[in-house]
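Several structures are given next for inspection.
Two complexes, one shared chain (subunit A), two partners (subunit B, subunit C).
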Partner chain A sequence: MTDQPNNWQRRTFMRQSFLTIPAISAVASVPLSAWAQDDTPPLSEYYPRFFEPQEWAFILAATDRLIPADDNGPGAIAAHVPVFIDQELAGDYGNASDWYMDGPFLSDLPAEFGYQLPHTPAAVYRLGIKATHVYCQRQYGTSFAALDKAQQITVLEALEAGEIDFNALGVADLPSQSFFAFLLQNTKEGFFADPIYGGNRHMAGWKLLGFPGARANFLEWVDQYDRPYPLGPVSLKGLQNR
Partner chain B sequence: MTTTKPGVDAVIIGLGWTGSIMGMELTDAGLDVLALERGEDRTKEDFLYPKPADELKYGVRLSMMQRPRQATVTIRRNQNEMAAPQRHWTTFHPGNGVGGAGAHWTGVLYRATPTELSMKRFADETFEPGFLPDNMNIQDYGVTYEELEPHYDFFEKVAGLSGQAGNVQGALIEGGNPFEGPRQNPFPLPPLPRTLTDTLFTDATRKLGWHPYPYPSANVSEAWTNPYGMQLGPCNFCGYCSNYGCLNYSKASPQTCVLDALKRRDNFSYRTQCEVTRIVKSDDGQTVKGVLYTDGDGNEIFQPARLVILAAFPINSVRLLLLSEVGKPYDPVSNTGVVGRNFTYQLTGSVDMYFKRHRFNPFINAGGSGQVIDDFSPDTFDTARHGFIGGAYIYTTQGPSGAIGGVKVPPGSPSWGSEWKANAKAHYGHHMMLGSTGSNMAYRDVYLDLDPTYRDPNGDPLLRMTYDWKENDLKMTQFMGDRMRDIVGELKPDYHTESIKRVGDHFDPSHYQSTHLTGGAIMGTDPNTSVVNRYLQHWDAHNLFVLGASAFPQNMQHNPTGTVAALTYWSAKHIRERYLENPGPLMSAQG
Partner chain C sequence: MATLSLFAVQASASAGASSDPDTLARGAYLARAGDCVACHTAPDGKPFAGGLAIESPFGTIYSTNITPDTHAGIGGYTEQEFAAALRQGKRADGANLYPAMPYPSYARLTDEDVHALYVYFMHGVEPVEHQPEQTDLSFPFDQRWGITAWNWLFVDQSTFTPTPSSDAEVNRGRYLVQGLGHCGSCHTPRGLFQQEKALNEEDGSEYLSGANLNGWWAPSLRGQPADEEGAKVSGLAGWSRDDIAEYLATGRNAHSAVGGEMTSVIANSTSHLSEQDLTAIAAYLKTLPAEGSTRGNDSDATGVAKESSTEQTLTRATGLDAGARLYLDNCNACHFASGTGAPRVFPSLVGNSLVNAENPTGLIHTILAGAQLPSTPKNPERLMMPGFAWRLSNQEVAALATFVRAGWGNTGGAVSAEQVKDVRETLNEQPGYSGAPTRYGAKTSAEHATDNQTPSPSKD
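For the complex of A and B:
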């Protein structure tokens, strides 16, 4: 499932479907609260299925900058967005299982032609993190995760603007803005997708918006104009966050 | 090695709306019918709450769609470009599996107007010679509104159509669409309840002197039992509609409206994971003798059949005809041949408005809920004065319904970080959209053929789409943009943003436009310019019928499903009443 073997692969029990996580966490000491019966383990106890340690450190730091915790509530870390990205990349999405991935790859086409890179999403991350790491080493003499927040933001802005030449850093066929686009899109997915996929812990993303999740039954509210919907979200597994 | 199965009376390729309907009709006629579906089986149990309420799986990863790895299309804008494949779907969402696109559609169920079925005649009567560009290939369907009306009427009962009729037997009815063709009956069910966006749109368009009416919805407003005995329940505005299966038995689909009735019949059977790779021609040169398919275990099977019904998604039907070498492929240089000719799509535009003072609760949404005006249809105003043929309806619908796709922040503001997060929170639920859904004329250099480079896992060439927007249609879209700005002027949002194409723009397949892909195997009365005759019977093989929107000579502003279904019943009527008794061409060429 990963592109290269890594030292976590022996933890085969973690490689099962995310549905196994609650069983594992039965031994974890997560207090159950009245408002969210969520028993997923804390991030510090999570063993990535896809990312290697240095990659994981990048993902933790980068997603924290993209959706920070602040006055408006929890951010990507509290919402376990890194867990979501790790599980997506270890599965069908990461492997582009449904995508058409036969060549030739016409990587120099205008953006209107959509995604034309020869990489799976998993490979985009592996290569993109590697190139960003080399960049940070050359520019700052240390890793992305070890930079201060302002420096991390500067690097992310440079990635987003396509200002970092990955080719010169030893990674071909991957514009830095393409890597950033995956990172940002998947970070937002992890913040707003159902918690069954590992992120949006305690439905933090839905709480931010006032989105009711899987309630999916609003007939009596159709004509209640300009009134905020009063109920908090529920998830596919029936968790609630009032 | 190819295994040959026992023959059947009729084999249906694809089990979506048209395959299901034709299955009912042909089993009614006593035929042994077998449907072959490329994708997986899907039953109503797959749509039970809360399974569809999963935006990542269905709305983002698009798991109800055809898998591009199995077969995608390549796209280029003109003959000088090299076409590149859609590696994952962006610009349209072709369905897959039992139910097809009918399982994940939005549920907007329209009829064509009389004019839309006879655009060539309308153009000849309306425009000065030389007004239309030389390379425009518009044609009539060869079937009239009056002929299709009973079939629209029946399908609307099958689907439990909810809304307000505007013209019943010639009498105009306040609150309905005064520009629609006359109906023999009112809608089966009343309109869905009105959202805040509906109310704002209605007030604004009335002030402008236009004629708003409720979207004709196949998300039903009340409990309904259809002519097949299938039952639908009132839509609860769950917010998981387009791209999703319905969790509430409310959205008309093959599953909710047809298939359980069909599966009870002893003379019907279906096989899933069976991909038809060729329609096999007979030696007589006038018929086909069955289909070749690959089953889920990779076995190649020949299925003999007296009647072959091609009921796939339009682009897949065209590709199968090309791969099977049934009918002459279209050649844009000589403007001869027919298969792939008159491929058309949909011209869309949209406006997004932000209202600090309004709270829309956008997750409260039904796909078929909304309000519409048809005041700017091809035959309702003087389009010649504005330099084009065609038209669009302008509408609103509440949404967007998801969270991943529902975040909107002010233009020019950051797309991440604390400022983005603050904006996402403050702006969520304060947006209202306007959209235009417009016609697309057919052009000589817009067509489908087989790609010379890219292949599917069987080694067969992918379908290649050569498509660009043309000046006529872009002028139409710009005009609709001006009309949407009129509505913006009435509603006075705090700000608005626009996505409206302009003359000079080129097709951008990196963004979603519409799944209304039409044409490529069009119907008509002349075998030199159509693949099938006015009964959807193939000109070159009288026991092959090609159903679906691939038959549309050009695309109309109104959503295709109603016309696709009505044409299927129309074709079935002539198969049952005439063809079965006396197999052969149902009409002679009227060149």
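For the complex of A and C:
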């Protein structure tokens, strides 16, 4: 007889399933009128957990170049993309906790062979930012963040094209285009991932796309032809933006 | 089966009572029908070894060990003493049992069934030498003799006799519902002295007319539709016999899905009963006229919304008030704009008794903590609804619950943030089972949700 009076068990079960939803901290503090209200502090009050101050300055500047604020709406800074990247690198992803990270590392294999750099994503950023910094010092006599926008874009383009030789700058086994690929990919993720992960603040990325967020079911829209969808997005945490 | 009979033979050699396999099997079945395991098992404890805490305003009543262990359990009980415990609430030493043990209902048991139960408990249950916590109420509630007067006033100690005007099926259902099933202990309102206001239908129309279990509505089970055309359908009037039997077997049907205290009744008891017995229960419930009920199910038989303007509002999705918007953001995924969900998967909220209950505690609790269906032999899948406590504020839950209670022709009243706050505060309590006489103040096990609904940041 395995059956037990088991109402309490289902609560335990649910609790466990809650815990699989990461990073839920502040709860139930959203007043009804708080459309798009978000309790995250402004970027200026954010203390990075992974990045050192100089690295942080690079990330702020670089992501701002990759997704700038413009006529289409807010950019990476307003959307707190740097926060997303910082948290991502401080956690399992940054440490490649569930990646196979032993050798051999062979750079000329087809993509099916998987990740072939000897560096965790966290190390890629540390080393990549360091090499880029040395490069900017030599080329411009100042840091990346202190360059004007056009110069920053020139540097990013050179990184993307693999034209900056990190090896010659003291960083081995990291092509500059690999560093750039991480940066671009994580910037996009930070712009479009659920706000629960630190980025996409006020669901700016979703607003841009018209993506309604975590609402799950649109059955009643199947036969509403030619009617624009009137509702703004909702996040995993239940935040709304109109 | 071979091991069962072997065990039976060995056991009967040691004890005196005859224990043929048929009687044993019947006793096991009747123990299911009486849901003995639910009350007589502590969380994580051995079956029937007792120790479940039943809270009461007078103190905690612990269920006892009813395994055949001679010291800790009831191994020393003669069949007569066992019968007296079941039907009269008398312990072997002559003391009165607290009516947390549902002997006012078990009084209906036939001698034959008491015998089968006795055989099962003596020979089919493994003895457990575990002395559970003892009940120790303070004066005057420790004076068990005081219960004698209560018994005299409120307990009808006559065993069951079939009603001649009913057919055999209805009589079988009547016997199960009034006796072993002790359905009235939750579904019949209680009086001033915590007594059930009626122990059977002749006692009055309050029998099974619905009751509040600490705010959680145990709906009316009176199933005969009212005569007048257009009269409000209440109780189980909108449910067919098959609907009722399906619910008792699986916890779900086209109208509803179980989420509260009934979950454990279904998991431990009714889902183990034969189809004939469940149909008999349904047949009996359908003979009870529904007018005695207060607020129950007012959907029609198919659970289809009588009023479609709520559906239209949600479909248009413009000019929504906070409650409607919250419904779309949080609930529409499964319960749909029609509110009718999908039969046996997502219960209908339209005319649903939990949604329309006068006291909204059950609805609030379901929104905050979610609910999970029991796994039953016929429908093992434990479908669940996630809880929203981590995601919605008290104010938001209030607006949402108010919307759901007024939408699609539902008739529940408004819900305040204060009411939500009160329910939220109960979510952290310890597990337990209220068992029957919840008027002793036992908390529903649903209220004893163990989880802290506010998960701490688990990511880094």
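Before moving on, here are some points about what is shown:
Quick note on the criterion: the second predicted complex is superposed on the first by the 195 of 242 C-alpha atoms of A that agree within 3 Å, B and C clash if a C-alpha of one lies under 4 Å from a C-alpha of the other, contacts with A are read in each partner's own complex, and residues count from 1 in each chain.
Basically, a contact is a pair of C-beta atoms (placed from the backbone, for glycine too) under 8 Å apart; a residue touches a chain by one contact, two chains touch by 3 or more.
The structure displayed is predicted, hence computed values, not measured ones.
After overlaying the two complexes on the shared chain, residue contacts for A:Y93 are found with subunit B alone; subunit C is out of touch.
Legend: residue contacts after superposition of the two complexes on their common chain; A:W206 is shown touching subunit B, with no touch to subunit C.
Judged by the touch definition given at the top, the superposed model places A:R65 against subunit B, while subunit C stays out of reach. When the shared chain is aligned, subunit C comes close enough to touch A:Q240, but subunit B does not.
In the superposed model, A:Y115 makes contact with subunit B only, not with subunit C. Once the two complexes are laid over each other on the shared chain, residue contacts for A:D226 go to subunit B alone; subunit C is not touched.
In the overlay built on the shared chain, the residue A:G141 is in contact with neither subunit B nor subunit C. Subunit A has more of its residues touched by B than by the other of subunit B and subunit C. Shared contact residues on subunit A (touching subunit B in one structure, subunit C in the other): 216-217, 219, 224, 229, 236.
Across the complex, subunit A is touched by residues 37-39, 41, 43-44, 47, 52, 261, 263-264, 267-268, 311, 314-315, 317-318, 322, 325, 328-330, 332-334, 336-337, 369-372, 374, 382, 384, 386-396, 399, 431-433, 444-446, 448-460 of subunit C. Considering their complex, residues 65-68, 70, 72, 75, 93, 96-102, 104, 106, 109, 111-116, 153, 156, 184, 187-189, 192-194, 196-197, 205-206, 208-214, 216-219, 221-229, 236 of subunit A touch subunit B. The residues of subunit B lying in touch with subunit A in their complex are 49-56, 60-61, 67-69, 72, 75, 82, 84-88, 90-91, 192-196, 199, 234-240, 247-248, 357-359, 361, 363-364, 402-404, 406-407, 415-418, 420-422, 424-425, 428-429, 453-455, 506-510. Those residues of subunit A that touch subunit C in the shared complex are 1, 3-15, 17-19, 21-25, 27-32, 49, 87, 90-91, 215-217, 219-220, 224, 229-231, 234, 236-238, 240.
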